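Sharing a structure, written as structure tokens. Questions coming.
Letters A, B and C mark the chains in the order given here, with residues in each chain numbered from 1 onward.
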Amino acid sequence: MEHYLMNLTLKVWRQANSNAKGKFETFKVKDISSEMSFLEMIDVLNEQMIREGHDPIAFDHDCREGICGMCSMYIDGRPHGPWHANTVCQLHMRAYKDGDTIVIEPWRANAFPVIKDLMVDRSAFDRIIQAGGYVSVNTGSPVDANATPIQKDNADAAFAAAACIGCGACVAACKNSSAMLFVSAKVSHLALLPQGNPERKSRVTNMIAQMDKEGFGSCTNTGACEAVCPKEIKMSNIARLNNEYLVAGLTIDK
Amino acid sequence: MLNSKIPAGALDQKWVDYKGHCKLVNPANKRKLEVIVVGTGLAGASAAASLGELGYKVKAFCFQDSPRRAHSIAAQGGINAAKNYQNDGDSVFRLFYDTIKGGDYRAREANVHRLAEVSVNIIDQCVAQGVPFAREYGGLLNNRSFGGTQVKRTFYAAGQTGQQLLIGAYQALERQVALGNVHQYTRHEMLDVVMVDGKARGIIARDLVTGKLERHFGHAVLLCTGGYGNVFYLSTNAMGSNVTAIWKAHKKGAYFGNPCFTQIHPTCIPVTGDHQSKLTLMSESLRNDGRIWVPKQKDDPRKANDIPEEERDYYLERRYPAFGNLVPRDVASRAAKERCDAGYGVGTTKQAVYLDFKFNLINKYGKAEANKHGIENPDTETLIRLGKEVVKEEYGNLFDMYEKITGENPYEVPMRIYPAVHYTMGGLWVDYELMTNIPGLYALGEANFSDHGANRLGASALMQGLADGYFVIPYTIGNYLADDIATKPIPTTHEAFEQTEKAVAERINKLMSIKGDTTVETYHKRLGKIMWEKCGMARNAQGLKEAIAEIQQLKKEFWSNVRIPGTIEEMNPELDKAGRVADFIELGELMCQDALNRNESCGGHFREESQTEEGEAKRDDDNFAYVSAWEYKGESAWELHKEALTFEVAKLTQRSYK
Amino acid sequence: MKWSDVFTSSVGRKLVMGLTGLFLITFLVVHAGVNACIWANDGGDMFNKAAHFMGAMIVIRVVEIGLFAGIFIHIIQGYVLEFSNRSKRSVGYDKQLGNRGSKWYSRSMGLLGTILLLFFILHWYHFWIPSRFTGVEQTQVNGVEMHNMFALMQITFSELWVVIVYVVACFSLFWHLLHGFQSAFRTLGVSNNRYIQPIKTIGFVYALIVSLAFAMMPVSLYMGWAH
């Protein structure tokens, strides 16, 4: 790959804490290498700001290899930036050219309140999982792993759903701030496996109840979530959730 | 004195005997006992969940915004277990022996054997939780092979095994949170251990959102905080991975075991420039199907695909015909360094070698697929197309990741890879029960030193983390807490909490008051450079002495000139980082001390003074068959305690993968 | 879970939207079928007979009540969802995702639905209220006395602005159905890829035919193609 350097203008959302009123601030960064990752570019800006005596931009990030789900920036109107099936940390600066202006916003949803600058509180996702996103099995001596054969297609589909990193891009992209893609990924993962079968009815109903309680919107099948999901979680999971929900609603015994 | 508390009896009966005889806590008493778990990776989440299930009152802490983000999530290749599903001769004993040998005979036999024994339970447990491991068409679990072994015992979920296992443990943990057995504290960082009457009785934690210090009591404290590879600045660890928790424990008296044992992973994406903030691993499993080579000609200007077969040096296959590309990580890393140092490196920086999939893509997968589809005499194009589909299923996410980072398509051109810091075998010294020498303070997973000796085999970290959390600690902690059932929770107004919190607050104030002009990042980078150059893949006495002096100087500068913006009582990531880097600096010095003391080459620790004529590592069992356990004695001062390693079953031989 | 939860949770509300939507989709087929009789070019006899049949049969009258219930539930629930969903993001984005993520019409079901609602009011004023309440000029077909709905249509669609409004409404209908058709099936839980693609195709064909048919009626009458 050819490398090049670029100068950029960044328009970044700044907000001191969850109670403060935020606003956009504009920054210039110079000599950014096309080989840098997007977050490394922010690192450069932050180092510059600290040296100049300013408060650096707070943002969530950890593994920087696209799997922890911590990074969360809404870049130029798209969660995780312009690349398909990608996280911010894996976005590289060769996506931009000299002179570009980039607008960076936090995830916007009332269920994800801003903590500071670009950091948001996604603990609602933990609480949704607590509502039923598990198999109730204690540590101990379950049956041998190979005692239950699982059809490969189902195992693969369960894995594809379980690949969700819980970043919240689906919520950020959805016009309804719906968490359905996230919830449906977990419901699908466990509904597709025999291990998840005993609790499938209570799982889906409890998780949906919690999702509603957290203040996420409802799904209107627009598909924005699927388009921005870094792990390419499919909307068919949402339909599967609907199915699970309907069946549970019609057949649950109490 | 160091007492490793290894049970008597035959190696394969020790754990059985221990479980049969350890003390138990009855369910009513468990509810009165509080346990603090710091870190929510595989070890922490599995421990917190399992202890919650047993009925203990658990508090789980993590600095991330959710337990699910812990860096175990990034483990790619797989998890070992002695299931022998493949009928290829695997057994508990073989897994034990491979791990001991892979660790270059610097691990405890009893711990490793226990690890191999419980490995089979881990797979059962994970499957029961709904972890979607890769399966065969018949519906049974699939396996792949990994470095340092000759059997296929690695269970996997594409290149995201760590993620799937952690999500399994995380879900088990969230279930306990829902049941009220575990209270979870996210965006909290542990900043010190609280000691009461010589026992660990709690922690001081900082709420990273408000910046406030909190006191938490626990009858026992479990540190499951992972490794300290970030002491090198650049590593495959997450940005937040740090040594702080175990370092604070160390300064409170816990011995640090084998700090210099660092694993440099052979297959990482090479550094591109000074801006680099971290390195990305390409799973070792890729070496199953990728062949590593460099051009036979020095400084070959041609593109990889233009270099004909006969002008390629498959140096691992050449040097180690028995294991070939699947030699253990330390061996593969040093071989790559050797080639690059000799001038055969590739890419712009010349600090890289090729990892090439074309051969297996065509010959292994392409041909098998062609056979399956009944295509006779397929042309190369067809074979490549068919092979690609299989490779995509096996490693798709890794190939995508590589392409995103480098802009090159690894299906078309070979990957460029170079070794990078990946894992630290060293950690807090623990006994057979995973307790440090401080009563009530435990270390699990990568945070302890116990199971991998001087080098960890691939797919064993996940195994160890889960073994410790699911199957070891639930027994061993009972053995300790059984004597503690009469101890009432100590109020956090106790003097010990008061004083510890005061010391923590003073340190934070001191950091903030320096108001110098150099950023934390700058010091971290400088530390990393010293460590990588002088305590990295090859170490020598002179370099290590220089490194110690340089680190001491760096420490002085840091404490007189660091600049931290913002205030204490707010979300302030720079302050968090400053505390961690200050600890890394101190740790760096100890690592160099340890490396200097260990004048032998073993596993990932390569002392240039101790090598064979062919440049292979040379161990010195007469003088160094011990665990170095360092006791903190104040500023830049440590005392070395030695735990002799005795081998009843394994025979100490020079490792050979030729 | 109570029965009421099944239909009032976020998923339940969507279920209601999907079920009523599919009911209305079925109705549109009948409505378009009856109206297509105007192209018989027999002076409206066939159409008037069909309209009379629909108006006179008791079963149809009962279904009509259901139909209105369906429409109103669909409308009310739609607005409830729209406003509740909008309230979930108090601070909006400076830059919108737009069509890079989803189709504009999928995001605009509320707007398209509102256009349709306004249209319905006009449409009822034109046809339904006269035929039920205020009275329509009578005609005789085969000796049976009945409303001359055809004549009413001819009069109504002699004004250009009315024709334009109806055609615009049909555009809204097309986009509304294009999203609604497949979305209803997804909401009802069709997740199998084997069905999703055919459903999308059928939905497109359905939306196109139905809205085209309706749009052509006022145009045909205005231009005198149907007589």
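Here, a contact is a pair of C-beta atoms (placed from the backbone, for glycine too) under 8 Å apart; a residue touches a chain by one contact, two chains touch by 3 or more.
Keep in mind the model is a prediction, meaning the values are calculated, not measured.
> If you take the chains that touch subunit B and keep only those that also touch subunit C, what is left?
A
> Taking each chain's centre as the mean of its Cα atoms, which chain lies farthest from subunit C?
B
> Would you mind checking which chain's mean C-alpha position lies nearest the centre of all protein C-alpha atoms?
Smallest offset from the overall C-alpha mean is found for A.
> Between subunit B and subunit C, what's the gap in Å when you average each chain's C-alpha atoms?
It comes to 62 Å between the two C-alpha centres.
> Starting from the mean Cα coordinates of subunit A and subunit C, work out the distance between those two points in Å.
That pair's centroid distance is 37 Å.
> Averaging only over C-alpha atoms, locate the centres of subunit A and subunit B and give their separation in whole Å.
Here the centre of subunit B sits 26 Å away from the centre of subunit A.
> Return the residues of subunit B touching two or more other chains; collapse runs of consecutive numbers into ranges.
In subunit B, no residue touches at least two other chains, as defined above.
> For subunit A, which residues count as touching subunit C in their complex?
Listed in rising order, the residues are 11, 13, 22, 24, 74, 76-79, 103, 105, 108-111, 173, 175-178, 180, 205, 208-209, 211-212, 215-225, 227-228, 235-250, 252, 254.
> Residue numbers of subunit A touching subunit B in their complex, please.
Listed in rising order, the residues of subunit A that touch subunit B are 1, 16-17, 33, 35-37, 39-40, 43-44, 47, 49-51, 53-56, 58, 60-70, 83, 85-86, 90-92, 94, 115-116, 119, 121-123, 125-126, 129-131, 133-146, 148-152, 155-156, 158-159, 162-163, 165-166, 189-190, 193, 195-196.
> Which stretch or stretches of subunit C touch subunit A in the complex?
1, 5-6, 9-15, 81, 84-98, 100-103, 106-107, 109, 179, 182-183, 185-193, 196
> Mind pulling up the subunit B residues that touch subunit A in the complex?
Spelled out, the residues of subunit B in touch with subunit A are 46, 49-50, 53, 64-71, 73-74, 83, 85, 121, 123-130, 132-141, 157-158, 160, 162-164, 167, 170-172, 174-175, 177-178, 184, 186, 209, 236, 238-240, 272-273, 275-278, 280-281, 400-401, 404-408, 470-471, 474, 517, 519, 521-522, 563, 565-566, 570-571, 573-574.
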